[in-house]
Amino acid sequence: MKMLINVPETVVADALRGMAAAHPELTVDVERRVVVRRDAPVAGKVALVSGGGSGHEPLHAGFVGPGMLDAACPGEVFTSPVPDQMVRAAAAVDSGAGVLFVVKNYTGDVLNFEMAAELAEDEGVRIARVLVDDDVAVTDSLYTAGRRGTGATLFVEKIAGAATEEGAPLERVEAVARRVNERSRSFGVALGACTTPAKGSPTFDLPPGELELGVGIHGEPGRERRAMMTAREIADVAVEAVLDDLRPTGPVLALVNGMGGTPLLELYGFHAEVARVLGERGVPVARALVGNYVTSLDMAGCSVTLCEADEELLRLWDAPVRTAALRWGL
Amino acid sequence: MTETAGTYGTEFFVRWLEAVAEAVEREADRLTELDAAIGDADHGANLRRGFTAVRKALEEEPPTAPGAVLVAAGKQLISTVGGASGPLYGTLLRRAGKALGDDPQVTRERFAGALGEGVEAVSRLGGAAPGDKTMLDALGPGVEGLKVSFSAGRDRAGEGAAGTVPLRARKGRASYLGERSAGHEDPGAASSALLFAALAATARAEAADGTRTDGEGAA
Amino acid sequence: MKMLINVPETVVADALRGMAAAHPELTVDVERRVVVRRDAPVAGKVALVSGGGSGHEPLHAGFVGPGMLDAACPGEVFTSPVPDQMVRAAAAVDSGAGVLFVVKNYTGDVLNFEMAAELAEDEGVRIARVLVDDDVAVTDSLYTAGRRGTGATLFVEKIAGAATEEGAPLERVEAVARRVNERSRSFGVALGACTTPAKGSPTFDLPPGELELGVGIHGEPGRERRAMMTAREIADVAVEAVLDDLRPTGPVLALVNGMGGTPLLELYGFHAEVARVLGERGVPVARALVGNYVTSLDMAGCSVTLCEADEELLRLWDAPVRTAALRWGL
Amino acid sequence: MTETAGTYGTEFFVRWLEAVAEAVEREADRLTELDAAIGDADHGANLRRGFTAVRKALEEEPPTAPGAVLVAAGKQLISTVGGASGPLYGTLLRRAGKALGDDPQVTRERFAGALGEGVEAVSRLGGAAPGDKTMLDALGPGVEGLKVSFSAGRDRAGEGAAGTVPLRARKGRASYLGERSAGHEDPGAASSALLFAALAATARAEAADGTRTDGEGAA
């Protein structure tokens, strides 16, 4: 697989240089790998900080800005960032109102954010933490590291970000973030593997005529390999997997997310099938978002994330946001 | 620097970590391949980045005691690796280093005990137990072996790593695969085996230099 | 190549159903393949209509909305739409102030829009037309169908759209659109071919270790095949090809565009190199946009488009826009 | 319907277009492959879509004169094909149909003349000349051959299509490839050859039916 890169070792630094050049509204510390909204710290506002391995763009740095994240800490490709990054980010964005870390549930992210929280608290920053674990493909949490954090991260960051802009105190922001996570579930499908710069070839072998059900966003194989399916069939499987776990009683936010290598044309066609299943199951869609938001490099495939909405969550979802990748109302 | 027979000083631990760095460099692609099969294909790159930083740090600011060597190395790993293995290996070395205190010379047995504390800290931090198909499956047996000899440490760690092949992972990314994780060696266990292999090799080289009298050179 | 589709024949209709479901702010006629902003016709406003083959999403339907297009007409994949679509679109959006067709310079698009213009004029709609032809890889226009329309289409549609919102009459909107096109040039590179639903396999064979320079956005091979290059080298070639033709004397708008299959991480890294070359050549970047905007299905690769800006163009570029894929200030 | 020897009525033209539809169906993948090499891999799908619509339209609203058949078919192509070939083939048939007027029966020579007007219209619309590696390179010779016989039309069109292989394209998408367009048959020329092959086959079948006396059946 060919990549549009210089050398694998500088991929993340190069991308940060590019972000710095493209987005004057962000402060990008290329050396230390911290992306901060330019006007941080915002007086009196709780700050939202996230981060994780690179390769999921626009997540997280593409979501830094008014109404969403105050800072993002990109790690190496598919490797969680190191504590120093989060400590530095927290120091840069804390106005005194405290910082919420949004952490996707992977061992590496959990451990590194945990160490960072300790160090930041030593420096006098109040830290709260929310774990995102929405992926229903990982079921048996007794025998696993627990459900993975995937598409719901976008919902958590958008909605918690809106809460910080409304002036909610740290505990409230944390509670809202946790509520979003608890009400969100995802399921992912791969039609092809992705290629990491370090490995330079696809992370797994997926023969023509087969797909992987229940994949995450790190190029790992899924829970099950099946004969290739139509968009209609994939939507049936993915949406039912999510609904069987979530059992929403009201309208949902829907994210039909591309893994990076699937054309938008196909994603919209897939969304039509997702909307159809939801209609058949009597689940109203309050808001829908279709696009490449939580990606896995150039992986072909998609995921479906549903979040059971309520009035407060919808209001916060609709609130203005201005970031590189998500923008409305501002 | 004078060396007491049967004890190991700052230099030895620096040489050990250099040997680990070389082994990681040499084996990085294999570690990444192992991680590609049941993880996310970065373990080799992660450790290479980490041990390159360790080596640089030890050169630039040479610590003056075995414990300080390990603590400095652990901090470097935490600050440069990321992922699951960064905090875990970092904690392993920091904790072992702290257990050694300021002593300028330590025995193999003493080091095995300190490393054992490190392994316990790793287990607490990551919440994994033996048999979960993680680095612990090589680290634990490795420490047990080390209590006997450097070469036993190497052998037991290697066996531990090989023994992860049939296991089903319960921690880390590999656990997402469920049954499909069986049939592959755990990358972290494989790198842990490298740690003990490098340790045995360092001890052997030391013995060959004639500075050692505890028979490790022949092991 | 596996695709997230039902059957090749319904790909475009399926995507339009998905757009309809995801975007209540658009009126989507799935049967007749016309996407119209819901509040059209806007009284007194000149209307902007574009269209072209599908497979370039978000272009064009993703650019329908206040501040940009009034309607889009998606054809089959890589096949220009038929005149009936543009006639219907023009009728739906014309407020009496006339309609500007934005046409990418491909034989099929030119002919079909031409026929549509005749038919629409017969129905009493005033039609003007601007051809977009920015691709410097097609040089010798005596021996070709002329330069292709690629990335500059986004600049033309955004800026002309802003002009229509300001109340400019048809002639002025047309003149502004033409000016944008005349001041814009692009160059595209492919690291891999794309797979069309109809063919089901890559449109050309690109061995590992090679790339295509000077590609368009329809899966056609480029002008030249070369040994694989680094992002740095590709930026040198692409930017110099554009600058040698454009020779800007002032600041530029820069679009670093992904072809669909290249991760955003890599695109940002590439943008860093583009910004570097521009810096070395003394060309200031007034505004930059990085992302997948004018794509070629799942093609791996990128293009660089530069538009020599002036005060008016910058003002119109910065004016509010609210579409599915491009949004700011609204 | 009575038929005059040496002339062709509505039915014949309907059968011809049905034969084209079948040929396009059969050859769609080949046409798309040709287009993949120097274009955008859609020519087969485009024409299949168009001629399926043509067939359906002719069934649902059967025209009552040869000219009306061609005009209806041309309109369908314009309304359903898109791309370059839609307006071009649509114009070809519409123009030829208009030239035939309302005549219920036309001779081969008359049809050749009408098709010649269609070809001129295609050339004006697309701005291409013979040798530019387009459908014109098969259409032009095809019409010349048709003046002699149906089978000559088929042969000359086929030769014309084959003759596009070494040419460098100057019109349409293939022109973007410059020199690299040489060495491939033009997809539009290939489909134009199908038009004439279907015409000859239709005439031959007609002759075999015994309704023809102009000897085409043996050609």
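Letters A, B, C and D name the chains as they come in the text, with residue numbers starting at 1 for each one.
Quick note on the criterion: a contact is a pair of C-beta atoms (placed from the backbone, for glycine too) under 8 Å apart; a residue touches a chain by one contact, two chains touch by 3 or more.
Everything numeric in this text was worked out from a predicted model, so none of it was measured.
Distance from chain C peaks, on a Cα-centroid basis, for B.
The distance from the centre of chain C to the centre of chain D, each centre being the mean of the chain's C-alpha atoms, comes to 33 Å.
A separation of 54 Å divides the Cα centre of chain B from that of chain C.
For this pair, chain B with chain D, the centres built from the Cα atoms lie 75 Å apart.
With touch defined as above, residues shared between interfaces to two or more other chains in chain A number as follows: 77.
The multi-chain contact residues of chain B, meaning those touching 2 or more other chains, do not exist; every residue touches at most one other chain.
The touch graph of the protein chains shown is a line. Chains touching one another, given as pairs, are A-B, A-C, C-D.
Those residues of chain C lying in contact with chain D across their complex are 8, 53, 75-84, 106-108, 111-112, 114-115, 137-138, 140, 143-145, 148, 196, 198-199, 203-204, 216, 218-221, 223. Of all the residues in chain C, the ones that touch chain A in their complex are 1-7, 10-12, 14-22, 54-55, 57-58, 62, 77, 191-192, 208-209, 211, 228, 230-232, 234, 256, 260-273, 275, 285, 288-290, 292, 295, 297-298, 300-302, 322, 327-328. Within the complex, the chain D residues that touch chain C are 32-33, 36-42, 44-46, 49, 78-88, 125-126, 168, 170-173, 175-178, 180.
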